[in-house]
Every structure is written in structure tokens, then in C-alpha cells.
Amino acid sequence: MTDLLNGLVHLASMLIIPGLAYGSQLALGALGVTLIFGVLRFSNFAHAEGLSLATAITILFTIWLQGRGVSLGVLPTALLGAVLTVPLMALVFIGTDRALYRHFRRIDARPEVFMIVSAGVMLMTNGVIRLVIGPDGRDFEDGERFIVTARGFRDWSGLAEPLVLKTSQMLTIGLAVVATVALFLFLNRTQAGRSMRAYADNRNLALLSGVDPDRIVRLTWIIVAVLSVLAGVLFGLDKGYRPFVYQQLLLPMFAAAVVGGLGSPLGAIVGSMIVAFSELALTFAWKKALAYVLPATLAPEGMVQALSTEYKFAVSFLILVIVLLVRPAGLFGKVAR
Amino acid sequence: MSRTPLLFAAMAAVLLAVGLLQSWQLALTILNLCLISAVMALGVNVQWGVAGMFNVGTMGSAAVGGLAVVLISTPPVRAAWAAGGGGLLAAGAVLLATAALAFLLWRRMGERSLWRGPAVGAVVLLGLALSQRWFLPATAAIEAVDAASAGYLGGLGLPVVLAWAIGGLLAAAVAWPIGRLTAGLRSDYLAVATFGISEIILAVLRNEEWLARGVKNVTGLPRPVPFEADLQAAGWVQRLAASLDWPLRDTASVLVKLAYSAWFLAVLLIIWWALERLARAPWGRMMRAVRDNEEAARAMGKDVARRHLQAFVLGSAIVGIGGAMLVTLDGQFTAGSYQPLRFTFLIWVMVIIGGSGNHKGAILGAFLIWFVWVQAETAGLWLAQAGAAALAPDNPVRLALEEGPAQLRYVVMGLILVLVMRFSPRGLIPETTPESSR
Amino acid sequence: MTRPDPPPDLLVVRNLCLSFGGLKAVDDMSLTIRRGSIAGLIGPNGAGKSTLFNLIAGYYRPQSGRVVLEGEDITGLPPHVLFGKGLLRTFQIAREFSTLTVRENLMMVPAHQTGETYLGALFQPARVRAEERALRAKADEILEFLQITHVADLPAGGLSGGQKKLLELGRTMMVDPKIVFLDEVGAGVNRTLLYTIADAIRRLNVERGYTFCLVEHDMQFIADLCDDVTCMAEGRCLARGTVETILSDEAVIAAYLGRGRAAKGTGLAGTLVEATP
Amino acid sequence: MKRVLGPLLLGTALSAAPAMADDLKIGILFGFTGPIESLTPPMADGAELAMKEASDSGLLLGGATVTPVRGDSTCTDASAATAAAERLVTVDHIVALIGADCSGVATAVLNNVAVPNNLLMISPSATSPALATDGDKGLFFRTAPSDARQGELLAKVLIDLGINTVAVTYTNNDYGKGFADAFGAAYKAAGGTVTLVAPHDDGKADYSAEVSALSVAGGDALVVLGYSDQGGNGIIRGSLDSGAFDRFAVGDGMHSEKLMADFGPDLNIFGTVPWTEGDGTAKFAAVAEAAGKAGDGSFVRESYDAAALIILAMQKAGDPAKAHEHVMDVANAPGEKIYPGELAKALQILKDGGDVDYVGGSDVEMIATGESAGSYREFENKGGSFETVRMLTAE
């Protein structure tokens, strides 16, 4: 019985909690990708850079707040900084849209053109981030770091395996759920959300029924700003902020959105969880977990690892490739011609 | 039409100016990279400009081309072959058999069978697991052979110029299955898939040490031109230096760089000639038709998916040749140096700015953008100084500018890209259609 | 004309079905087109004409049923393969190759051009030149036939709607098709050009023995050209026969005008023909 | 486009302005952009400190001054690094080069620029073992020792501490790979067991998978051969957070007291780092502090030493072009020991025909392959700062 408990705790601590946290971070990013795709019809290569910029600004706000003695007690001050950042990022996004994307929407450019322009925005944002915060990493987490610590859990439970739950992980999972629910309520229950969906489904029909396209676009960027700030800040809190680490998130976010079906919010979330958990589970060494569960004679000697960790990010693309082969529109996407 | 020669003349003048004001070695170094970039840009132009495919996996093709240089031109490591060659071949045979079996099963079981997917999957997994029995010990043995300087199988010891052609073929061979998989996809999916696959290729190159030493790099690759030291010792070079009244060292260095330029220029001209010829032939007409309207092209009997695949493979092969030449010029294959910003997006900027669809435009774009990329540091320093002078001494923007002029590169590239897309989407040399310009 | 007589039925469509979601777009539809005829396909909006068209032309795969061309089963083959078998189509909204010139639009059509392969284009310039000369001559002949020689060197994107339709018709003439499907060839075309198009179709049919199938709203156009007419409604075949019988068929009139107007006995041909000059 | 070209040309023209006759230029080719861009500015500052010292003394080659010229090696892009080096050599007419910082680009610059131009090149941080075997024509030196030696010493440290089972993770580049290979071989030879060797890529978003694999493999300690502000940091964070490991053995790339700032003063961490006993380090710290620069970053001392060696070798040779023949002379005994801040003294001794044995901030001792023999210290964290346990020298 203890063995089984140990095994479960081991899995929870090493696989399930990190997977949920990573999946939630991806999901917040992938929701942004998929919203931009659904409403504005392009894959935004600058999305990861947007996350990074949002986090950089949040850090500056947080430092300012800390300097003025503001704190949230056990919670990180950065949450307050994030609230201040949202309007700023919304302005940045809407400004970029006004300056660039709107023009290409008007001339009805091919989706590739949008992608190329977004790559240009990516390069520029890259430089702007250096100007804003420089290339160094920053640790901006304050408050209580752990909800359950390894040692505390061992002492309390008497088990050999530790269980760890970090504040940032709990925050990530919790806020991701809240944000997702809020987004779904918005899309399904409000007039604005419904017209956004109508616009995404059929632009011409929506225009005929009196939807103001500029308003929809503005609204989309505001939501994307909220999601970006959340995703970036939560990721930074959990893993520590390094400005250019976010580039590495672009591919998994894309993979998650495509696996779920570009344009489908539900798909983005499911896709993110699939990507996060398969990355972890396929490269997870099952030796210890099996040793707890199986009788001693059957306990494995090797690591029982399907794939060594250096190929972990290849996993998301293997899934991507399989999905493209079997169901090109993604799990929840509408089957396009 | 008269704009094209003017733009090329301006580019030449700029390079000459670098030679006169800075140094000829620098001008030739930049020129050589311009030539290689032009080859890569032509490859991307075949995919985007001609076929309208948004491939974001250029980096993978360039790396595969570079790998070919290692596999073809380095001397074989006989001890490594002896240690693990057999095991590796056995593993390869198992994989081939698995692939054949999986293919047969896929064919035989028919579309309606529910078991087809799982059965094929099981066969593939079993085959992979089985091959590991030979693969793992073989690679471990290979990597143990003189790990600091070898630890890989080495190449075939053939002339390096041959490796350029093989680099093209290898890149084409890698591109073909990728193209089969992705060529029919919508542009967004194509972009994401190629982006990811190129990262996977790089992951393999970084981690499979037995292949090309992984992150330990292969240095001292053979070159198609003589060494500077040998030239300095040669009588005719000494006489040339004396008659030019140049230092001997500079003369030799310039000669070597000129020899590289001649090779690269020759390759570039051959590829350019072939592409121009294709563009003017019915092939070009057909490809433009496909790009204009896929549906109608299909109705007129053109196999659009196959044509896309063709262009994808051809473009990747050309990029591969460029990648092989680049590795030759560097004299080393460093798997860690392949970054999407440098090998994918920079090449894209070149094509877009030059004028997609127009091969001359792609070449000009490559020259211009590489020049800016290299010289942005100098110009950035100057701009930063000029800009900083206008700001208060403790202005954070000024401090940041003074600290990192080199970082302005990215901003400059992004700005150029966005401005061209916005105000001159057809680029510096817009595409012309052969018939209408007659 | 001393060819041995091939079987008279060129294209046979049997029991074709396709539904989208729950809606049966084409429901057990059968159709036969005789060699050398001009067949018409009419029906109110949403009757499934376009879907049937797309099923035959290979853009959708039917859920059941067969399409047979000269005894060969061609069900569900992709468009470019059907092209090779002599089944061609035009589009309701003309799909020209806009950056190609009008002449290039025609010259690109024939299959198996030497210059379309890498090796041919690069290493067989003489052969490519010869082929191109022949294609150019043929294209010019077609342009003359269609009376649009004056726009031969203009990019096709700049043509008027009617000229584009002519161009599409011209593209089908570059090869010798067995059957050509014309999707609303008269839509958005001014009267004068419409006569030119109708004239061209008739001459192609009479002089060159082309078989046509027209989907059309313009009853006058149908009445002028077609030998047989099939009327569809709600995915099914409502009636078939000669132009006269169809245009006075009660069910057809009801389908078009609703039961109320049909009861008043207004002839379908009458109402629609009135609108034409 | 012409509006872009204008400033470009102007910029190049400006930088081509002729140098003063008695002004010697030394190139600094570091990756000011790219993966180690956060390390390079202090390194360049360190090198420039030595140059300023020599210039101010007025003793170098009859009163010559030394001016630094910076170039961007990008750390990864061999082509861009070669172009930058080519510019430094042929446009700025540098007499020697400090750099390149990363092993890959250093090899490219050595073969493509330094050898053809007979240019002395001293890298403060290219530590790949492969560089030692290159045909460098006696032009290439490094003030950082090859990773192979440190790997052996770290293994010895662990065995001496009685730690016989470890898991190893290394940063997936030539530094980490070479280090891990050397460590693994030495550790196994000494009777230790390595449960798992897992590479980690720097700049990745998430290290949960690596940490969990390492944790399952287990071991008495985790050997982290990475960078303190890159993946190594992420690995330690993940291991601590999940309770997978609480004891870390590290190499020089992880020698940063910022780790304790991040993870608390009780972090159980120890390891090896190229070091000099007492004097050199303290003196360099004083020099750096006086100039208002940070003196404790990675490879900052090595950068200062690289510049100092170049300057002293030039003085010894009497001709900047022959400096490379005398690097060994000034770096090694016999002669008076020279510490940071004493360049003026050294220049005077050399001017008078004497000998110096440059020790510098990183205890420079060149071995035959042109790299620093390296003395190392075994360090451990005591209450938030690193303290020396003992000094080690490679045989």
C-alpha cells in the first residue's frame, strides 16, 4: 500500500503537476494563437515575442511596485504588475494592428503575407525587448514560493517520495482555468463574443448583419493582450524570466493549436495538454514508478524511457505530423476543403 | 526594366566602396557570403516566388547540405567503421525491413480496416525497438573511438566540390517525404510543419554524434582552394605582390578569397541560368498558372500537388547546395550554429526585398541584406552615436543604444521586412512575365 | 465522317448521392448525355445542379452511385485525371490565370508538354521551341475563332467578365475534349457577348462535334442551344425531355415559381423569355 | 533603399579613419549578440581594463597607447564572426585579437582569419578540448584551460568526498559535451558510477522532463556542467523544487554566487573552477572595483589576462607582429611574478631586458598546447558565498 502511495506521489510530483502547469502555460499561449488565427486569419509568428514583451513590462512594473512597498503578501507582486501591463500591451497590439495588419486586411492579402509581416514584427519586438529590459535573466517571484515543500510533505506523510506544489504552479493552473472559463463565457454568453464568433465563422455574413469589423479586431487584440500577459507572467514566475526563452515556446504553442485545430479555443486547450503531457510522458523514466507498482522480481533495470530527453520537443512535432496525416483540420477544427 | 542594371550597379559600387574605404579582404568576405546567400535565396524563391509555398524550414535544408560536406569530403575514420559500422548497417537493415513491412501492411489492409493504423503503428514500434539492439552498442562504440578528435564515422574523402552537388541531392532527398506530407496542406499548416521539422533535423544533427560529431563540431574541412601559406610561398604570388606593391600576406589572402568567389559565382550562375530557363519555358508558365489559380489549373489537367512537391524539392536542393558551400567556406560544420533567425528568416527577408518571383530580384536581395546584416554593426555604432548624442546622457534609451549597437540588427531587419511588405510588396525588382514583356 | 459508330451514350450518371450533414444535396440522381448533343441542366437555386456538376467533375466524391464515361468508370477521379480522359469544365465565376497573357492562358493547357519537365525545359530547347510554335499557332487560331485576337497579349486578369468566359471556352478547345461542362456560362455576361458565346458553342458542336453539358439559368439560352434538358429540384431529377416539353411541364413551372403562379397557368418560357430582347 | 545605404557607407567611412601612428589596436571579438550576450559586456570591460592600464603607463613600446576595437562574434554564426574578424584585421588593422569567445566561432576565425594574416589570438573562454589539436601555427592561445582537465579534477573531488554515484547533466554544446565526456571517463576510472548522462539545451522553456529523468536515475549528487544563467539554473531550480536532488557538483560555468541569491544561502553546491590562490583574484577585484567595473563574472579575469598577455608579449618582442613568439615567455617562469594592476611594473622590467612570469587574475601558466595549465580550486557554498576548500593542480 505504501508502495502504491509512493508510486502515485512520485507520478504526481514528477509528471502530473509539472505537466498540468506546463500545459496550462501552453494553453494560455495557444489560445492567443488560435484566436488570432480564428478572427484575423493568420498564424502570428510574433506571438511568443509578445509574451516576452508583456512579461518584461510586468517586471518593470513589479520592481516599481516593490519599490513603493506594495506587496500581495503570500502571492507574487507580479500579479499586480500584470494588471497594470494589460492595457499597455493592448495598446501595443492594437497599435501594431493599426500600423500594419489592418492595411493587409483591407487589401485582402494572402495569409502568407500576414505571416511574413508577423515575422517582421517578431524581429522588431526582439530588438525592443532588449531595449526595454536587456538580455539578462530576471527572477521576479516574491511571496511564498511553495504551498507544499518536499521536506514538509515527507515529514508529514512519512512517505519516501516527496510531493511538491509551488505557488506558481497552483496559480498557473488556477488562473488558466479561470481565464479559459471567462473566455468561453465571453464567447458564448455576450453579444460581443457572439459577434466575434460570427465574424470568425463567416466574415462576409457577419459584415452583412451589421457587425463592426474594427471593433471585433480591437476586441480580439485586447483579449490576446490579457492572455499574453497571463501566459508570459505565469511562465516567468514558474521557470524564471529570460527574455529569449519565449521564442522556444512558439513551436509548442503552434503545435498545440494545430493539433487542437486552428481557430478552436477548446482545441487549443486540449492540444496544449496533449503536447505537454506527451512531451513529459514519452521522455519520462518509468523505472521508479514501475518499481513501486510491480513485484520486486519484475522491477525493471533500465530507465524505461521511450525517448531520451534531448528529443523531447520533437515529440510535439511527431504528434503534429500524425495529426496532419490522419485528421488535417486538427481534433476540433472544422474540416476545411 | 532599366532599373535592374542600375540596382545591380549600385550594389557593386557599394561593395567596391567597401574595398576602397575599408579593405579588399573585407569586401571579398562579404561578397562570398553574398554569393552563397544568393544561392539560398534562389532556393526560397523557387518555393515562394514561383510556387507560392510558405516554407519556414530553410534552416533544415541548409544544415542537411552542410552535413553532406562532412559525409562526402572528410576522410573516413576506419577505426570507427571497424568498431560500429557493422552494427549500424544491421540496424539500418532492420529499419528498412520495418519500413517495407509497414508499407505492405498499409497497402494490403485497405482503407476500411479499423486495424490498419494500430497494426502499422505496432510494426513500426517493434522495428524501432528491435533496431536499437544493434544501433545503441554500435553508436556507443563509434563515439568512443578517439572521442576528442573523431568519435564519428567520417566521410568518404571525396573532393569537396562534389559534396556541394551531393548536398543538393541529400537536401532534396530529405525534402521529398516532407513535401509529400505537407505540400497539400493549407499555408498555415505548411509553415508550422516545416518550421518544426527543420528543428527536428537540427536536433538529430546535434545529438547523433556518430554522424557528424554532434555539438562537438567537425573542423578543418577540406577546401577547394589553396591555403594562404602555400600561396605566400609560391613564386608567382610573390612576383604579383611585388608588381602590385601590396603586402605578400594581403595578396595571398585576396587571391584565396577570389578563388572562393569564382567557385561560388560559377555555381550561382549555373543555378540562375537553369532557373531562368525554366521560368521562360512552359514550366514557368505552368507554375505561374498554378500559383494564379490552383483550382483552374487542376481543371486544366495540371497535377497541382505534384507540381508543388517538385518546386518544394527543387528549392530545398538549391538551399542545400548553398548550405554546403557555406560550410566549406567556414571550414567547419557546427550543428549548434543553425538558428532560424539566421538561416530561415534572414533568407526570407532577402527574397521578399529583392522581389519574390523574380530570380534577379532574389539575388539582389541576398546581396543587399547580407551586406546590411554584416555592416549593420558598423552602421549601428554610427547610428547609436548619432542618436545618443541627441538624447540626455542619463536617458535609458541612450544607455541601451550605447551598450548594444549590434542588437539593432534585428530591429533593422524587421523594419525593412515590414516596410517593404507595406509599401512595396513586389520588392525592388518586381516579377515580370516573359510573354508580356516582349 | 466514316468512323464506325461508337455507342450513343457518352456519359452516364447512375444513382449519384451526396449529403452534407443531414442535407441531401444530390439524391439518387441519374443522367445520360448523348454523344454530339448539347445537354442542358436547369433547376431553381439550391436544386443541387452545382453539386452534381462538381461530383461529375471530380471536386467531390459521391457517397454512392457511379459516373461512367464511354464505358469507363470515372467516379471520384480528381479533376486533373478527368482532364486527361477528355472531360473538361469551365467555372461559374471565370477562373482565368490572371498574370498570364490571354495567349499563354491557352498555351498552358495541353498536357505532356516537353517544356513542362525539368529535363525538357533545360536540355531540349529545339523540341520545346517547335512545340511552342505549334501551340502558338493553335492558340492564335482559337483566338480568331472566338474573335478576341486583339487582347492576345494582355494579361488575362484585365479582361471583361464575358471575355474571360470566352477565354475559358477557348481553353477547352486547346485539346480535343470528349465532353465539356459549362457552368453558367451566361452569368454576368452582356447580351452581345452572350450571342458570341452561344454562337461559338453551336459552331463547336456542329463543326467539330463537341459534346456539351450546360448548367444555366437563362432559359432563352437553353432554349436556343439545347437538345435535351434535365430539370433538377431538391437534389432529384424532376423532369427530362426536349426544351419544349420541359418548359411547359407543370412540375417544372411549380418548382420554379411556386404553386400559386403555376396555378394561374403562366408559362415558364413565357415569363423568362420576355426579359430577353 | 538608398536612404539606408547612405548611413551604412558613411558609417564604414568613419570607422576607416586612419589610426594614430603610435596607437596599437587590439580587437575584442565576443558574442555581444547571441546566446551568451549577458556574459560578454563584463568580459570586454575586463580586457579593456588591461589595455587602459598599459596605455596609461606610457611604457609600452616607447609610449604607444592601446585602443580596443570591439566586434560581434555572435557566438554561433561562423560566417558573421569571420566577417567581423576580417573587418577588425583589414580595416581597423588590429595587431592582435582577444577572442573569439565560443569554441566554434573561435575555430572558424583562427583558420579563416588569424592563420592567413599571421595574427596573434588569445581566447579567454573557448575551452573545447578540440581546439588544442588544431594546426594553429603557434598563433592561438587561451587563458582558460581545456575542459578535459577540469573534468578529471571534478571527478577526483567527488571521489574524495565519498560520492560514488551521480547523475550528470551537461549543456548541449561543445563545452558541455567535452566536459561531460572527460568527467565521465575519469569518474568511472576512479570507481564511480554514473546513473544517467542527460544533455540539456540552453534557452529552453522547460526542464521538467530532464529533471524527472535525472531524478529517477538517482544518485548521491547531481553534476551540472552548464551555465549559471542558462539551462544550468533551470535544472537546479527544477531539482530543488521537486526534491529530486539537493546536492550539486558543478564546473566553472556554474561558478556564480547569484545561484545562492536565487536559491537561498543554504544551497548545497560545490565544484571546481579555474582559480588562483588569493593574491591574483583579490588584486583583480581591487583593480576592477577602482575602475567601477564588475570583477567577479565568468571569464572576466581571463579576458583581462588575455589582454595583458598580448601587451606583455608585444613589449617582450619589441614588435607587435612578432608577439605570438613570446607569449609563452611572459606567461611562464622564469621572471618576476606579475599580478593584475602591475602591468606598468612588468612593462618596465621587460623594457629593461628582464623577465616576467605573468600570473594575473586567473593564475596563468601556459602548457605546450598554448592553453593555460590551470590551477583550480575546489569550492563550496558556505552561507551564501563560495569558499575555497583546497587548491588543485592538474598533473
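So that you can tell them apart, the chains are marked A, B, C and D in the order they are listed, and the count of residues begins at 1 in each.
The criterion applied here is as follows: contacts are C-beta pairs under 8 Å (C-beta built on N, C-alpha and C of every residue); 3 or more make two chains touch, one makes a residue touch a chain.
Note that the structure is predicted; figures quoted are calculated from it, not measured.
**Q** Which chains does chain A share as contact partners with chain C?
**A** Neighbours common to chain A and chain C are B.
**Q** Tell me, please, which chain's centre (mean of its C-alpha atoms) is farthest from the centre of chain A?
**A** Following the centroid criterion, the farthest chain would be C.
**Q** Which chain would you call central, comparing Cα centres to the global Cα centre?
**A** B
**Q** Need the CA-centroid distance for the pair chain A / chain D, whole Å please.
**A** So the centre of chain A lies 37 Å away from the centre of chain D.
**Q** Averaging only over C-alpha atoms, locate the centres of chain B and chain C and give their separation in whole Å.
**A** 46
**Q** Once you find the CA centre of chain C and the CA centre of chain D, what distance in Å lies between them?
**A** Chain centroid spacing, chain C to chain D, equals 75 Å.
**Q** Report the inter-centroid distance (CA atoms only) between chain B and chain D in whole Å.
**A** Chain centroid spacing, chain B to chain D, equals 31 Å.
**Q** Quick check on chain D: which residues sit in contact with 2+ other chains?
**A** Counting only residues that touch two or more other chains, chain D contributes 37, 172, 199.
**Q** Residues touching two or more other chains, restricted to chain B: which are they?
**A** In chain B, 206-207, 403-404, 407, 409, 416 touch at least two other chains.
**Q** Show the residues in chain A shared as contacts by 2 or more other chains, in ascending order.
**A** 134, 310, 313
**Q** Between which chains is there touch?
**A** Pairwise, the chains that meet the contact rule are A-B, A-D, B-C, B-D.
**Q** Of all residues in chain A, which touch chain B in the complex?
**A** Going by the criterion above, the answer is residues 37, 42-43, 100, 103-104, 110-113, 115-117, 119-128, 130-131, 134, 251, 254-255, 258, 262, 310-311, 313-314, 316-317, 320-321, 324-326, 328, 336.
**Q** Which chain B residues qualify as touching chain A in the complex?
**A** My answer: residues 48, 52, 54, 117, 181-182, 185-189, 191-193, 195-197, 199-200, 203, 206-207, 341, 345, 348-349, 352, 397, 400-401, 403-404, 407-411, 413-418, 421-422, 425.
**Q** Under the stated contact criterion, what part of chain B meets chain D in this complex?
**A** On the chain B side, the touching residues are 10, 14, 17-18, 21-26, 29-30, 33, 147-149, 206-207, 214-217, 219-220, 228-229, 249-250, 252-253, 256, 326, 329-332, 334, 336-337, 339, 342, 368, 371-383, 403-404, 406-407, 409, 416, 428.
**Q** Quick one: in the complex, what on chain D touches chain A?
**A** 37-38, 172, 196, 198-201, 203-213, 215-217, 229-230, 233-234, 237, 241-244, 262
**Q** Can you name the residues of chain C that touch chain B in the complex?
**A** 57, 78-80, 83-84, 88-89, 91, 95-101, 103-105, 107-109, 111, 113-118, 120-122, 128, 131-132, 153-155, 171, 175
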